[in-house]
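You will see two complexes here that share chain A, one where it goes with chain B and one where it goes with chain C.
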Partner chain A sequence: MHFLRNQLSKLGRQSLILSERYYPIRYDSNTSTDEKKTDDKNKNFVFEKQLTLQSSFENITEKNRDTYLAMVDVFLDRDVHRRNHVEFIYAALKHMETFGVHRDVEVYKALMNVMPKEKFIPRNMFQAEFMHYPKQQQCIIDLLEQMEDNGVMPDFEMQAILLNTFGRRGHPTIKYMRMMYWMPKFKNQSPWLLPNPVPNDALELAKMAVKRMCTVDLHSNVDVYHTNEVESAIDDTWIVSGMSPEQMQLLAQHSPEKSLRIEGPHLIWLRNQSLNYFVLKGDGKEYPMSTDDDEDMDDVSNLTFNKYGWATSKQKQVDVKRSVHEQRDGVIYAVCATGTSTKDSLLSWIRLLEKNGNPCLGQIPVLFKFRSNVAENLLVTSS
Partner chain B sequence: MNSIKGSCSLIASLNKALLRRYDHITYLRPTLLNGNVSVVLPAAQLIHTTPNLQLFWERHRKGGYNRNVKRVSQKELILNGLKELKKEILLWKEEVKEKLECDPILVYRPGETDVMWQFTEENDLENWKVTSDRDHNEGQSFCSFDISPAGHGLFSGNVQSKVPIDGRVKRAGYCNLQSLRARKSFKRDTYWDWTPYNMLVIKLRGDGRSYLLNIASEGLYDVWWNDMFHYVLYTRGGPHWQIAKIPFSKFFLSSKGRVQDKQAPLPLNRISSFGVSVAGRGGHDGPFNLEIDYIGLEFDPVHTEEFAYEMYKQPKYTVAQ
Partner chain C sequence: MLSSSIRLAGLRRFRLIRCQSTSVETKDTTDKTNIFESKDIKWDKVKTVFSKKPKNPARSPLLKNFFNGQFDSELIAFPEVINRDDMAELYKTVDQSKEFFRTINSDEINKAGMIPSDVVEGLRKLDAFATDVPHSFGGTEFRITESCLRGETEAQDVNIMRTLNVHRLVTHILNESGSDEQKSKFLPLLAKGDILGTVAFIELDLCPNGIFNTTAKTSLKGGDWTLNGKKSFVINAKNADLFLVFAGTQISNKCGDKVDGMTAFLIESDMNGVEVKEGEETLGCNGVKQCDVTFNNVELGQAHVIGTFETGSEVAQKLLIKSRLQAGILSLVMMKKIVNTLTKYCIDGCQSGVNLMELDLFKNSLAKAVSDIYALESMIYLTAGIFDDYENADVDLETAVVKVFAQRSLLRVATLPLNFMGPKAIVNGEPLAECLKDALHLNTHGESPDSLEQYIGLTGLQHVGLSIAADIKKIRNPLMNPSYIFKRLYDNKNIENLKQTLHVNHYLHPTMDPAAQWLEFSILRLFIASETLLARHSVQIMDKQIEVRRLSECAISTYAMFASVSRASRSYCIGLQFCDFEMLIASAFSFDHMLKVLQLVRDIHEGPYMTNDMNYVKISKQIFKEKGYFSIHPLTRNF
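Entry: the complex of A and B
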């Protein structure tokens, strides 16, 4: 706490120099060493003031929710008139992401509360029509838009704040109403619901991703293995594997002469997190083309008695239903995500699959078909 | 100048700093200074507290984005036109033939998907265009639409929401795939008529991202030029194909990316183009991958909903009525 206090006192002084006004500071420390340091900093500040726009948010070393809210408190306590509150809110909005509070509705409310209540409510129809206090209204509209961009839904307390600040005809209030109409409609619309925010843990993410990919076959089992179950494994990591009984059956039918391949890494996104996964694939099974398709039913040039209806001479056979895993470009036998995404961990995956119900994998050769993994940052050239 | 000073102290202080240099700069051309000052000068002109807003009417359909298109001489225009004549006459021939045949589809059988676009070879990609913010130096996203190794349309690229520091662009990070506008021969604009259908069917293989489906319904006057109906395309991700069926009643109206207060159902007889876009907003920066087999239309008699959103009248003076 003492550290925070020191930080804030320094900041308070710097902002004083910036605004060239002297107001009582809330936190103050009288240590001489501190005095000296701030003096040095102030000199630089005065020198740079003309050219750079520097806000006090940048100078905080410990950036978290508490210091952010403390900054708002410092601003509120600095002055009864709250001069430059629009500029303060804009500066605060700009630094939300660095403080990690850009998804926190409470922080947005704290910023909104910086605006004085009652002052900006239009009192007649002309004021209402011609955007009463345009700077202030635009500022809060921008704040609401930032919330929208970050997927933060406002709540009813925010409605109360807006009504008390801008009244029911205010543009920010109307923007709030639009948000409250549209955002809940799409909040849970996705057929594959995910927690918001998604967990930061890679294993949890992998479990979610594999489960999501396996929704294509409801009988799928998602298993979490560890490489230490395999004797020859070098990597020490987890493997999340997804395979359904139908896929196991297909794999059992696979001819041992034909090789299987592990393709990847492919990318799957879970909200704003992405993850690599691998697919165990084999060549597609050839189905005999049914001869019925060749006959043109609209062609009446050569009519026979048994062309249509029950009297057709065609032999009726039970068609084999193609499983969902048999795609045109190959049969998908399993999907997995590993902690390291290395060839060794994938080899352990194959061994583990062999151990857990797929003994045929011992005879089938498995090839790796890796895509060259280009680092994301290299793809983007600076313009 | 006074009003700016009064309203925003930060901008005023910056302006002051620039004005002090102004005397020296005005009579020096940027070319004389090896381009060094050209960085300062446009910046000096760009400091406005409000953007230039043309409220009354719009000059260009592209909203000013075709300003950099090179203009060619009349002679060249005529020559180019003659070159395209052959193709246009072929198109016209087909149109006349279709009219004479007079054989429209009379029964739209439920549960049967009519494929509007299928992507199997390079020719299928001809009527599609990809755009991203990088095209106008407004960002760093890039994308492409080509045939995937498996032989389907592949819309892929990388979205980056990093905003370029030019003081003009506020947000960045989008990639867009769009069909060319519906047209008849001799470059005459027309509309697709999708009235017999009520579902959009897409067979796709995605990467878990959410994409935005855009159905443009361009109107006659400038206020309707940018009318577009949107809905979200949720993709599962993974190696399996997915068939997304989206009723047209779910599409909502927006213009220039702003959802409109006064909504209306999608006019199915006035469809001018179709598109898919992806955005990097909210930390979704990175590569994306959407493989499309076909985009089709379907009539589902079970779905009777006309419009999924409320149509009640808004209180007076809150929205444009």
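Entry: the complex of A and C
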């Protein structure tokens, strides 16, 4: 027990250091070394110490990680008993999203550290079995649940905190163990794994999105164009365009009498970010019905194969094999995302495609077919 | 095992159909008639003029019938093509050739990258260029067996052999399929070696649709066709005057539709638009430069076509059959060379008081290599014998087997020195290192072993399909043919325990009894496997390359067993030197390959889901999706 207490005091210091790292300003004394940084707003915090907890999160005007952690520290420093810490944690959990910290494991750890150490550890099997300090345990379980819902994986420091708070048999610790079993298993399950978090840059996102959509065809190329390559372009933005050689071939075969459509904007989600994209589509190609009689697939009396090169039965196919780009509702020739998602940028896209290996686009009329309102160009929206 | 079978066999065998003894000599060697009336023949130049034994009437193909579970009892007696008097004459020329090749320094040829002119002159004197030209055009008109035997001496130098091979292919094809004008124009010159021929078949780049990138299209000016494209790895193109070019063409099929086909053209090197360029440097076989030949709007007329426009693939077939045997001979000689060198190394080598010769490991490797060589040698001469002995012999599959087996075993044997000698085996300029390089090079030349394997399997299945199509239809529609299915279930053939129904042992020396049984079981299993595959996949079998490869490997092993066993039996019956060891080699080889066939047929029987095939298909899908190796590094932490 003595050993554990030592550990705990060490951990307490550690968490203190942690909170200092994130939040270097002390409120209880004006003699702190960081006095210069103590501006009016921070003084405000000191003043707000007196307010009730629930409203305090709502009252803060600048909602970010620093202020959130400041709130936690304010609570810790208010009194040694940390009264109402369960209520505080619930209130803090509720406001996480508005502060934009709901995906931050460090913040969860800071909240968890609000709980006093050692006190809630069950000391015998009955305590362990009958949920020692149920309110507190449930509170941390809810905290872990919220982490899970937001896809935040706990780490080993959290394990240490939990062990020191609820012990090996505490329900939150067991919940933590389960999370650590399952969450790593699901972490990399996506066939199109994205970085976590996804970058904030729209261009990077667009590249990822188009690349992901282009995985249907292994030969696809993803190009990044800029509208200033087109003379008449009004918008000044980027275009991420995906097209495969097979699509180019299909486009070259497209009759200039039939028009093409730019359809969109469609929405694609990359983790929590969404992005608009457009596709260049045309009517499906009609293949003549095979005039051959259905071949008897059981007749092996006349096996013919290519003697030179690799033999396959492909030549015996009854029907033409459609490419993956030829869908029921039409042929998809290309896909793009532009920086502005305006009509003008899409026009630039078509001109750029024409310039880069699809001269036939010069003759084919292209129509817009939008699902929602799309701006003519950027100037219109900004004016 | 052998000794016990000798005792048993002695009691049991009364049905030895053909007693192979030295006294049986039915060939008429008397009529050395002069059937050649042509005035062109210089009789002093023609050294061996014998009446060729007339070919026997055609027989059904040997290996193809293995797939049907049948075997030809006459062919198991190992063909004796050359009669006794011819043999002596032949050995005279072979000895001359051997003598000549002893004087040749292969290292110098390899370094110089060309064959010196005095060597070419020597080859001319030996009539090396005339072997496939008929007497009437001043050639020596060798049969396949004879040219194989002679080839063995010439293959001492890989580069010379390859030069001669392509030349002989041109003369062979001209002789077989060329028109009379073409023959009289080129053959006498080719026979003397005044002009050299070569074959332009291989291309560097894959052709996405069609057979060749080199195409002949209907000409808009001058000739009948315009030839465009590039052929690579053309052996001896710098010195060649005549190219046998295979080009992709559009030919009409029976329905009148245009389909991709090929046509053989004979093109002189000085024609407009033909350009020979220095080719890529390759790993081995650098003694004779392989060049790229480009054809730029070469105008061709009817006189340039070999055979007819439509029959290009038949011409190619003839060419391939011969070239496969040539590849077999080349591999055979190289393997012998390697084994001889290694044996010497083992005899002399000694490490910390242990003589390498005494190590079981080396003994085993060498013995296996020797039995491979034995099987290959038997196969080559069996195939050549069938080709020479019978009218219109169908040896297409047999030659394919020879080539695949030759290349596979050559690669195996050529890597043996790496184990035996360590780094010494890869020192540049070491004869064994050169052999390894040449082996790697030869492995890529011509048809690749993998595609040939597919060819063997599919051709075999095609043949079986003809005879059991009706049964397959019934098996694939069980509800329509319940009685047939029940009957089939009743006499279900078990691949593990078979009954001897072919009685192969009746046609071999009684001592061969176990090996004969293994051979017979392999033939029967081959049939069961073919039937299983056709019943399972029907026409879709073309896409099941792994299954076809298994079947094909069975066929290769079975044919190799057949050839070894029949040769060993013949040798034992007529009492050749070391014939008892031949028996041992053949038995050992048969045992190994019987087990191999058994395992393969088991796998075929189990199907793609019980074997690992489907797992690998799944893995490959991910590889293509991720465009390469995809596993995350083992040191990665996930949390």
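General observations
Following the convention adopted for this analysis, the second predicted complex is superposed on the first by the 286 of 383 C-alpha atoms of A that agree within 3 Å, B and C clash if a C-alpha of one lies under 4 Å from a C-alpha of the other, contacts with A are read in each partner's own complex, and residues count from 1 in each chain.
In this text, a residue touches a chain if its C-beta (ideal position, glycine included) is under 8 Å from a C-beta of that chain, and two chains touch if they have at least 3 such contacts.
Every value quoted in this text rests on a predicted model; they were computed, and no experiment measured them.
Looking at the shared chain after the overlay, A:324 reaches chain B, while chain C stays out of its contact range.
When the shared chain is aligned, no partner comes close enough to touch A:200: not chain B, not chain C.
In the superposed model, A:184 makes contact with chain C only, not with chain B. By the touch criterion stated above, A:298 is placed in contact with chain C alone, chain B being left untouched. In the overlay built on the shared chain, the residue A:215 is in contact with chain B and with chain C.
Using the contact criterion defined above for the overlaid structures, shared-chain residue A:124 touches neither chain B nor chain C, since it reaches no partner.
Of the two partner chains, neither chain B nor chain C is touched by A:61. Counted by residues of chain A touched, the larger count belongs to B, out of chain B and chain C. Looking at chain A, you'll find residues 215 touch chain B in one structure and chain C in the other.
By the touch criterion given at the top, residues 7-10, 13-14, 16-17, 134, 137, 140, 150-151, 158, 160, 164, 171, 207-210, 232, 234, 236-242, 259, 261, 281-284, 286-289, 309, 317-319 of chain B touch chain A in their complex. On the side of chain A, the complex with chain C involves touching residues 153, 155, 180, 183-184, 187-188, 215, 218, 295, 297-305, 307-314, 316.
Contact residues on chain C toward chain A in their complex (touch as defined above): 207, 211, 262, 313, 316-317, 451, 454-455, 458, 461-462, 464-466, 468-469, 472-473, 476-477, 534, 538-543, 545, 624-625, 627, 638-639. Every residue of chain A that touches chain B in the complex is listed here, in rising order: 49-51, 53, 84, 87, 128-129, 135, 149-151, 169, 174, 178, 182, 185-186, 189-192, 209, 212-216, 263, 266-272, 274, 277, 279, 281, 324-325, 327-329, 332, 335, 376, 379-383.
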